[in-house]
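There are two complexes below, and they share chain A, which is joined by chain B in the first and by chain C in the second.
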Partner chain A sequence: MLNKKLVLATVSSLLLSVTSASVYALTAEEQKGLDISVESKKKDEGWKDSSADMLMILKNKQGQESIREIKIKSLEIKNDGDKSLTIFNKPRDVKGTAFLSFSHPIEADEQWLFLPALKRVKRISSRNKSGPFMGSEFAFEDLSSFEVEKYTYKYLGDETVNGEVSFKVEQYPVDENSGYTRRVVWIDHSEYRVQKVEFYDRKDSLLKTLTFSDYKQYLDKHWRADIQHMVNHQNGKSTELKWSNYQFKTGLKDSDFNRNSLKRAR
Partner chain B sequence: MKRTWLASALITSMITSISMSATEFELSGKVSVEHRHFFKDAQFEGQFNGGQSSATIEPELYWSWNDGFDSIIFTPFYRVDSQDDNRQHGDIRELAYIHAADDWELRVGIRKEYWGVTEFQHLVDVINQTDGVEDFDGEDKLGQQMINLSLVQAWGIVDFFILPGFRERTFASEQGRLRGPIVVDKNNVNYESSAEQQHLDVALRWAHSIGDFDLGSYWFHGTNREPILTPSFNSEGVVLQQYYNQMDQLGLDVQATLGDWLWKFESIYRKTSTESFVATQAGFEYSFIGIFDTNLDLGLLTEYAWDSRGVVDFNTIEFGKSGSVFQNDLFVGTRLAFNDMQSTEMLMGVSTDLDHSANSFLMEATRRFGDSFKASVDIRLLQSSDSIDSAFMLRDDDHAQFSVEWYF
Partner chain C sequence: MRDKLYSFVGKYPIWVILVCITLMVFAGAGAQKLVFKNDYRVFFGEENPQLTAFESMQKIYNKTDNVAFIVIPKDGNVFTAKHLESIKGLTKASWQVPFSTRVDSITNFQHTFAEYDDMIVEDLVMKTDNLSATDLEKIKQVALSEPLLLNKIIAKGGHVSVVNVTVQLPGIDPLTETPQVAESVRAIKAKYLAENPDNQVMLSGMIMMNTSFTESALSDNATLIPLMFLVVIVTIGLLLRTITGTVATVLIIIMSIVTTMGLAGWLGFYLTGPSASAPTMILTLAVADCIHILTSMFYEMRQGADKRTAIARSIKINFQPIFLTSITTAIGFLSMNFSDSPPFRDLGNLVAIGVMLAFVFSVTIFPALLTVLPVNVKAKQENKKDSMAKLADFVIDNRKLLLIFTSVFILLSASFIPKNELNDDFVKYFDKSVPYRAATDYMQDNLSGMMAVEISVKTGKASGINSPSYLHAVSDFSDWLRDRPETDHVNTITDTLKRLNKNMHGDDPNWYKLPDSQELSAQYLLLYEMSLPYGLDLNNQLNVDKSSSRIVATFKNMTSNQLINIESEMRKWFKENAPQYEVDFASPSLMFAHIGKRNITSMLVGTTLALVLISILLGFALKSVKFGFISLLPNLIPAAIAFGLWGLYSGQVGLGLSVVIGMTLGIVVDDTVHFLSKYIHAKRDKNASTYEAVHYAFDNVGRALWITTFVLVAGFSVLAQSTFRMNAEMGLLTALTIFVALVVDFLFLPPLLMALDKKKKKQRESLKNGEVEPSTSVS
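This part shows the complex of A and B:
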């Protein structure tokens, strides 16, 4: 699998540099998989900025729950990854902690963490993509913004998921630090929304399933799911994300995503 | 509390803000109980043996209006202590008004400002005075009165500081552990400047991120936060008298974040009327993510400290001359993050003086219980057989500390 991924990446990047007609390097299934993801990304473009509250409910095998309360502000950046500011409110001991990220499709993301007890801003390594976010079943890479360049693709067919006829597309992460060999993603025909994702670990066995539900449309264009449910099949734990207070085009600017705004984020 | 003018200005603006309808108010904070146990009997007369119990409260009151672009924060702090009168103390950690605009920010009041990138010593961090009685690591700071204008430019963030009102360092009392043979006198403090605590200190800092590099550089002019301690006599006998001279300090901090490697460098050049010196703390941190196919992250840290002054020699101390505890010292540590629901973490570190016999071992472990409790265990072991080293004075102060914090 790794070889295939490498070959595919090498071939396509070689051809890209030689000729713009790189499409010929892809099989029909690969091309269709890419097209679906490009369309899905394109359909959501133009949101400019957003802010939302996220409630994370962590459940272990015994059913014990733990809660994370987080606010996320994002800024859409043309021709690059998005900028985001993540502010932690619960658990109480991390209240005031804030995380600033400048994501990039291919190069390493730039990330800073503000630690309120010491008032310290720390630049952190963005290599840790596969690690758990706040002890949850979501890895850091599961929560980062979707960029077409982060994967190579293969269309597997159509299936009905959550009552929606969907494209079934396999995605192979380009980044070697990803915790996955592949993701299988179901994207609905009607609005190009992600309905379900299966994650396969480094040994290519099924690790997690993420399902999206309660989609709402904002500004007559942008679809966001109110609920994301991640189940880890290997350890029996699960994490539910409940989104609320979604707001778009609130007027956030570049200046809301720097060291100073990180220090006073609430 | 000689910080009346700022306090009254703040209280006035606070009252105005409360009467505004769009004001949001938030109360949070923490309460902690802590117990320290010293393994050996005290080395010096007057010190207690065995256990030391303590409790703290640190609420945070926060008001904001104008969509959060104007805010006031108030963080008082108080500690009660069963053994050390000086450790039983209070402080206003923060009482500040902040106004944020697109490309500038004004912060007025009592605040904390942290600079630096290294872990084992915080060399370039200069704005706040160390609250020395709080903990062994010197990371606790006293609130500093300031006016800080921060300008955001394409080429970095520039911060101007005016710092009225100097804070004297806190030291253990006669009964307290973790002190030298002679008690520091907190009453009869001397200053180089005739303005004493009212000297107006200033600082200018530039900080910027360029690709993988985070850079910071500053100039500080004012009262040295590190006192020179000289033995003198008062009615109770021999005490150490604090003397704060004036200094000019240039600082530089750099971090390169290259994949799994963090390279860290801090350096200062300090000039006083009697001496000038250079000191550096530099090293790296390397992280192994998800070791042994688990969620466990392992970080390895190594840092080296150097100071051109050399060691503090307590036997031949010369007036106005200072020395350093970290003049040729090596620090090695590991950080373990379990990435579990309870955020269990562990940090272990060893420091060694490469010039003479002095070693210390530190271990910190923390874990959350429920949604709002956190428990910590700290163990500190100090060893020295060389009377020249400051660790020699602390060689009988090995201790373990247990604490439970409740966050509200």
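This part shows the complex of A and C:
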């Protein structure tokens, strides 16, 4: 049943790309860029749900550190952005705060937040995904799930990054509220994993570089990097994400991702 | 040695000219390396405590270099669909400014409000195509009641708004970064005006100020230096009536300037507002040497000497005095090395180099040129000499009255010195004709100015800012600041938290208060930060682990002392009300407020040292301890009178004026040297009476003194026309001091000498009988 759905989704997304190709008459580079991204997305499909712990280490120019601890649960959604539940552990004064997000490729995400100190769930209406996440150098849009429809593409060539021969693809965000004019992404030939991303701000100057390292494979299929290192070139600050306790197919259901589940999330 | 010098110059004039010109060309090539530093921070030494405090604050929070577009709709109402749309466009365009990291405007303000159980975060002005009158009224009401916006982004009357662009200069190539930003914002402004002709736009902010430093200096150099050359040519041409002399003098000036600026380039100097006035000053000072040589030479020629002999004698007579005056002038300028502000040290060193080079050129290439070029001496100008003799007679006859009158005048003027007040308002460093000044004045009048203080309140504990006691302290402090009449605006995180608390309680105005638990405020901030767009985050108010927050207070225009007072009152507030927090105060305004005082203290040491050195030199040169001491009076009185008159005229003393005493000391000393040396020469070598000696001194150097004074006063008055007020005031006060010095040397010093030097009283009768023959030969 689920497999059927998967096939359907793949076919429809391919159809979508074919139709858009016929309408806009993509150049060879654009088509190749799109193909690489579709392939990359496809290769990771079928993880159903996941849960992981994230340690966020913020550093300023002087090397002063500040730490955040978060648990993230995600549910794979076909034909749409994924659903995610973010539970904050540290700093202590935000412990128990839970954030539920239904991401969508084009329309605004739906977001709810449970504030334990207020004991209430609030729906947050905001199109902004470009601001810093918990004061870090990651924007919310950098952390949300990758969807093919979020960008248009252009293949730039091959380069070796982190010892891996990679496709170099330029991605242009479709959302006009994005904080970027473009991202340059390096995706390796061997496993279609993202190795490095460069972010260009609204005036098209280099803002940040994100590098992925310590990739591990789960369930013989899904590759996840243990470490993501983001450096902001304009303010000299950096943020490192350390992932641990990756688990897949833990049996999370749609009902674990709704307003009511927020209050009991931990 | 002096004879040898000219005999060599006279023999090989062409070689001397060639060697000097080669020297100039090689040194001058360094001028290509000279660059202009366009950053107000150059005014502060590396160890300046206020600069250090400000820089460490900038590292913790984000930088505050900015450009402000001041948008003034001609119909006087920002809140129309049309104007809001154009401001929205301007906001978007501002993101394209190089190095911009943040843009704040009335349209992209992150408006938060509640709808049932929803919390909405969006731009205050979203779509402008179908805004109803109600929508517009709503926007206006939100904007005018938002403490973050009022007086900062929107004027109280709703008739002016600001689009503020924060830039973070990477500092990799500082010389091109600021001009790049300025060029970009000017292009945006031009485009905006073309598309919205019913608006007026002005540009202010730190970047525009830094740009104005360069532009002001460049436009000065383009207008003031040619003007100054004109003054020199006209003065020498009219007073000395010589074409060759004028040409040769202009050449010496050009060579002195080019060589100095070239050496500056080789030595790694950079230009700043004050040091860019070095060429004008060198130009002025170099003229004096040439005038002395020309005057003596023409005197000799009129006495029948041939040209070469006349030049040789002139060099012989003048070598020591102009060497001495050049040295004292250089010492005066070198005293600026004690200044706390590097640009003034550079200015002092450059002018000192220039003055010494001018001396070298005036005893080498100058006589060589005069030897080679044709020189015709016209008829004597006896009438001028008569006027000096008349002045001498007048001074001698009325010495007692003059002494009393001048003493009273000196004391009276000096009594106004305390009327001077320290004030370094960097906005006022520029003339009203400079667009940056006009824009900032306008912004000051309608919203708030650039007089700001940043206050970092630290808990030393991660998440410490969320504690209710901390928030209450910060909020109380902000309220206390807002109640003060001089406060225009206070930016504080507590306003945002109060607003969020209200939003989370269905926008109930009763909930516009601080959250009452650490967790609640932490969770509000988490929520809020997640909903903000790129560039509008809280990193400019909070540090990375939320252990400190920054309050920015903007004040009405005030003097340095008033600002320093407010600073100490703010410190007192924290000491009394929240002693548990470490608090730092810093801002460019504070840096400038303190620099005047620091600079005056350090310049006092430098000036005293220069005074001691110069007095010792004079003592040796005049071969008399007594006259060394007497010379102190005419050397110090001019500055006292000038600052007294300044107290009456303006009363505002800043960085630029705090170096004037040291600088003028070396120049006014020259008059005293010339006058006293002739006086002593008459008394010692000619056995003249005090009165005769005074008369002799007037006859011999009176004319040269007033010509050089005229040139110096004219030169520094030209500098006083600068659009860079720091230089203009420095020029004006220097011109005043030099003029006063001449008056003192003519009207106060002789009566003083006659009162103190009474030994040969008998001679008075012989003078009255007209037996004294006015000495005609120069010593």
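Just so we're on the same page, the second predicted complex is superposed on the first by the 242 of 266 C-alpha atoms of A that agree within 3 Å, B and C clash if a C-alpha of one lies under 4 Å from a C-alpha of the other, contacts with A are read in each partner's own complex, and residues count from 1 in each chain.
Everything that follows uses one rule, which is that a residue touches a chain if its C-beta (ideal position, glycine included) is under 8 Å from a C-beta of that chain, and two chains touch if they have at least 3 such contacts.
Keep in mind the model is a prediction, meaning the values are calculated, not measured.
With chain A as the common reference for superposition, the partners chain B and chain C occupy clashing space. Once chain A of one complex is fitted onto chain A of the other, the partner contacts of A:Arg264 are limited to chain B, with no touch recorded for chain C.
When the two complexes are overlaid on their common chain A, residue A:Lys78 makes contact with neither chain B nor chain C. Legend: residue contacts after superposition of the two complexes on their common chain; A:Lys253 is shown touching chain B, with no touch to chain C. When both complexes are overlaid on chain A, the residue A:Gly131 reaches chain B and chain C alike.
Contacts of A:Leu118 after superposition: both chain B and chain C are touched.
Contacts of A:Gln234 after superposition: chain C is touched, whereas chain B is not reached. In the superposition on chain A, contact is made by A:Glu110 with chain B only, not with chain C.
None of the stretches 242-250, 422-430, 494-502 or 746-754 of chain C clash with chain B in the superposition except 494-502. Common to the chain B-facing and chain C-facing surfaces of chain A are residues 58, 60, 66, 91-94, 118, 120-128, 130-132, 134-135, 177, 179. Those residues of chain B that touch chain A in the shared complex are 26, 28, 30, 62, 64, 68, 71, 98, 100, 102-103, 105, 112-114, 116-117, 139, 150, 152, 157, 207, 209, 212, 214, 255, 257, 259-262, 287, 289-290, 295, 297, 339-343, 368, 371-372, 374, 405, 407-408. Put simply, chain C touches chain A in their complex at residues 59-60, 62, 95-101, 110, 115, 117-122, 168, 170, 462-463, 466, 504, 515, 517-524, 526-527, 529-539, 542-546. Contacts from chain A toward chain C in the complex involve residues 58-62, 64-66, 88, 91-94, 97, 99, 113, 115-118, 120-128, 130-135, 139-140, 177, 179, 201-203, 205, 234-235, 237. Against chain B, in their complex, chain A makes its touches with residues 58, 60, 66-67, 90-95, 108, 110, 118-128, 130-132, 134-135, 177, 179, 253, 255, 258-261, 264, 266.
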